[in-house]
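The structures considered in this document are given below.
There are two complexes below, and they share chain A, which is joined by chain B in the first and by chain C in the second.
What follows is the complex of A and B.
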């Protein structure tokens, strides 16, 4: 067992050595520095690390996960079907858990001068742009980001040159690793001045509940006056430990809009960071999360206002049922030079069952004085009166609740502008809301701990 | 009012100090010997000495908290943990040594007592030097004494509740207080008795390098009511002083306790206080908490809503001037059905001042039909000021209505402009806006305190430009 695991001992170092040797020197240096940082850091602890206070991963054994092999054909077909149904006009970048990447439907984009290719290939052919894209993600700060920086392979790279409005969206599919394995999904996007792009990032896997590990990074660099629509959809299998960092660095006058849906994984810790670095940059982060079973879904957001006249707005709506737990923590950080910054966070939680838990810490740290910042946070339940109203009109109780939850999510989902994508997301949510039982756990072939437990 | 205030001294007006007249003090620093000396000097029962020594052990073993304000400047070895100013406690102000009495005269305490208080306690360094309660209340069985007297004269009831709300191992500073506590108040209100006019305690640090560790225990029996007010000041010294109090409140079913604090320590005092109340069935607890002074304050008054239908109310106001850090907040733990809580926090940072709101709302699984609401607003007056908001919430029951809102802004230019256009100077306009911002807090204070607070604010606001 131990001689096939990643992130522990000789195999990880061998993998690191192969990756370093196979790539450009600058990237090798980056990987080595990240590996050194990673090996020096302890596993985040809920008793020691504020960011992890409500998310206990002490049962995670990195050494239990083997490097992922190629994706099963059924999974590839499922991922293609999602793209075909939701946004068939989009260029499709299929990223296998083993680092294999295929690109389809990208001709019209390539004709515009847009680059859509595997990240490893881009690191060799377009090193300056990839370095720009990666520059927002530090190698040595956080445990899982350091691990990703050292060991990522494959991944998607998108570059939109100056003045180009990408004619079609780019759909990046990250396929979950097989049972007992680990993958390092990667997306790096650079959108140059006065350009625009719509990105969909779909994380998908089979329905079984076997343990898996996914450690990913999505880095976006949005140059002056450009626009990016970013649509992450996370529907990983229920046994997955998912650690993800999503970081958008926004230059002057740029506009970033994230519309996210978090549905899957057993335990997730996601960082969504928006760095408003240039004057007048704007960010809207709108997301829904549905948690059920024993899912533990933790989102930590950062709205870092570094420049004047920047605006950010975050709306995060969570519905949790069964024994699921939602953790949200967010920080609006306004630096001294960010005068006239305007930042807002709103976190709304709907608890649907006894046993479901919502926690939150929407923080503000304000160091400039001419600002307007705020946050709101609420927890509620399906109102008996609403339910009664619907039932009085002949709607059965369970259906009434489903309607209310669907309505709760609608104000985020309705903002997806592509009709087919909106309908697809609505359908995904409907399945979650209906509470179709997750597939029975497969007989665990690996003895990796399952995530999502409440820590006794 | 602001114009008048500006004519007053620019300094912290309570920064004076008296000659040292203390009759006993322990050596600097803390050790089992110092703790034993305090206990022995007070002639305490054996169980209290054991309690103190156990607490000392907790204190020594626990690391300094690093999650909040910067406490690295505290030198535990350079502090006097017990300084006894007088031999005997006075029942009338004439019994209090003249220099100490003059201090309290300058602070206006005897005058306030005559006018509108039901009882007064005045603590000077480690001991309460004056204590009095109106005879009619005493006749009804109301006990209002210093905590040492509470232990001596009401040991049975004291021992039943002491350290039950805040155990000695709760946190490092509660442990320190439990080891070296002295003075503070013991309040007992019998069943059904309503103390309609406030009781007040006044805490004064006089000595340099002083640690004041008063301990307050308030027990309100079924259906009773009491309003307790505390105020505090200290001289301005170049060395830092430490104030680490522990306040425990037990509100029995249907009782109503209101606790008002006007904290105005000089800006060389570390103010690290643990305050917690238990509210049983149908009880109401209110913390009215104003923080104007100190170098660093870390204080989060808490209410544990343990009984069905209990209600908690926390209203706080903080002002951080140059070099001050007010890390204040609140906690409401809902452990029973039909409990409600409401938190309102207003804070202002000026100069290089920093205010932090840190709060925690927790709803336990068995607490159905809970309602809680948290509202925090912060104003920043200067380029250099800073404001943080850290509101934690953990909701483990679906049948809850919880709302939290926070805003941070600067004093609006349009507000200032509006007032200026009506002939009000910019500085006075800012003061008016600040007064209005603190209004929800001020209106909950007895009139005399509201006037005093407004005056203090006007002083603090001097020289500020929106």
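What follows is the complex of A and C.
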């Protein structure tokens, strides 16, 4: 099927056909509805769609990308090495770009009654829970979410039964597709009442700058009184177009904490939605982003307060250099019933080069009474006094700057409670900050379909 | 003339700060400095031979901190005339980090906080840059000893440098850096201001200890308003600055006179800069 491309409707329909035939009927219906929605939607446009106003993907040609084959051995080894270094005690779910999934180190979780398995398998064996998980993400809303809903394969599924505190974290590795291919990384998580889970989701690929496409969804359903720590790390190759939706639906009294690091991809549009659906639900979203070269990284966050006494707090810290561009928009939406909601959103940007650009637009939309909400954003440069203070102690200018940028991220990274994971993230950031040579995107010419190519 | 460079290419003098053979004498001649077009230093002359303790006194606004910052190479201060040499090097041609590696240290009157950079990481980066990195265990042990001597709580190790520190804590943290870095000349800009009697003794003893450890080879240029700290660190020379010039110089008894009579007599009396009293 290597000649199959997602954009060539008839052939993609055949691929869709195999996916529909190979799964349960309810899922087939879902895929078909999603495909119909997708084919009815135009490619998002920066002139028509508010969400895409500052991210132009008009050069994206879906038809240029073939379905991904199996991951190269070296990439599998690299992904395993990341897990082994950062959080070896975690169960490991390796998701190949072609939909192949392997699960390791999950015995202690399975003994607790936790389900850790390929999503496609779960759809057959545990349809009710999978539907609960998937229900967080609608099939017909957005272009890429609809495409994902139609064509995802493989993926990771985690279910933590009521009252169970998962003994070990779950580490999901999503491997990037090979050059010129597309993958649909998927993670669906359901954590039942009074249960808890730590999830790491690592998106990783080889270092070359060939064009790739990745369209992913992570759906989390967090039931009453449960707790989830969610740690997404994105370090895709620099030529990757990355479209991702991450959506957590939080029931009453639950607590969700996201600690994210966005480092890779050429062009990214990510949606991070937190739906505070039950009374007293709480969410903390803390993330760092380091953009360099010609990366264009767009994050759009939503803190949707639907119930009373809900609390959310978001901090997004971005450092951009070279010709990189960061685009952020964040909405706190407080619905009528969400009395006593408490929401805050803060975006801080540090520009390290003349050519780097960062823009942040946090917004509030409040329909309830008696709420406490706020927002802020800032764009700044490395402080001259801080640089001078370090230099006065003998530290050369460039290293002083690296220390200051590292420090800028510290209040997020310091919140990672597992020491080995924190050290690994610090090391990943150090490599980005030190700017080990990133490959320039291939075919970086005006008319090529490469992402992140609009530096000027 | 222009402000200090922040980046520099070209070879570093051999040996960095540790193995330079020329005596660590500071010579300032006719130094003129302006900030944003405003003239602050109007021809400063000053000489601090290796290992001597010199006090620099003078009313607020007379240019003491400007001199200190200029010696360290702050880019905001524009040198419009004069010369400065240290250990035989033309200091004004060097970036601040090279000056530090040559053995110059400034204890800031108002040290800057660097959010996210812990005291430990800050000091390790500084030592590494100066080619004097210690093995992790030795470093932690030394740091522990110095902090104890300065009566600093061990928690300061992992706190972000100067971030949320009180005035007194900042002063101690500066002296902690002095003790860890062991420079050849320490410029201390009001290390005593805002300290209570006990804290002042701790800080002064901290400086003394470093001097003694270096067998009297570390020079000190101590900027202060108060006689009290000079009781702990007896100066070889005392200089009085006014309106951007050194207007009087003398032995340690000059500090006594200032304590008793204030700056007035020196300011009224001066006609030619650098008068010996």
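Convention: the second predicted complex is superposed on the first by the 441 of 456 C-alpha atoms of A that agree within 3 Å, B and C clash if a C-alpha of one lies under 4 Å from a C-alpha of the other, contacts with A are read in each partner's own complex, and residues count from 1 in each chain.
Please note the rule applied: a residue touches a chain if its C-beta (ideal position, glycine included) is under 8 Å from a C-beta of that chain, and two chains touch if they have at least 3 such contacts.
Small disclaimer: the values here were computed from a predicted structure and weren't measured.
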Q | Superposed partners chain B and chain C on chain A - clash or fit | A | fit
Q: Check whether A:390 is in contact with chain B, with chain C, with both or with neither, and answer first, second, both or neither.
A: second
Q) Which holds for A:368: it touches chain B only (first), chain C only (second), both, or neither? A) first
**Q.** Contacts of A:411 with chain B and chain C, given as first, second, both or neither
**A.** second
Q: Answer with first, second, both or neither: which of chain B and chain C does A:403 touch in the superposed model?
A: second
Q: Give the label of whichever partner, chain B or chain C, reaches more residues of chain A.
A: B
Q | Shortest span in Å between Cα atoms of chain B and of chain C, once chain A is used as the common reference | A | 14
Q) Hey, which residues of chain A end up touching chain C in the complex? A) 383-397, 399-400, 403-404, 406-411
(Q) With touch defined as at the start, can you tell me which chain B residues reach chain A in the complex? (A) 67, 363, 365, 378, 380-383, 385-410
(Q) List the residues on chain A that touch chain B in their complex, please. (A) 50, 54, 336, 349, 351-381
(Q) Could you list, by residue number, the parts of chain C that touch chain A in their complex? (A) 6-7, 17, 72-76, 95-97, 99-101, 105-106, 108, 111-112, 114-117, 121-122, 125-126, 129-130, 160, 177, 181
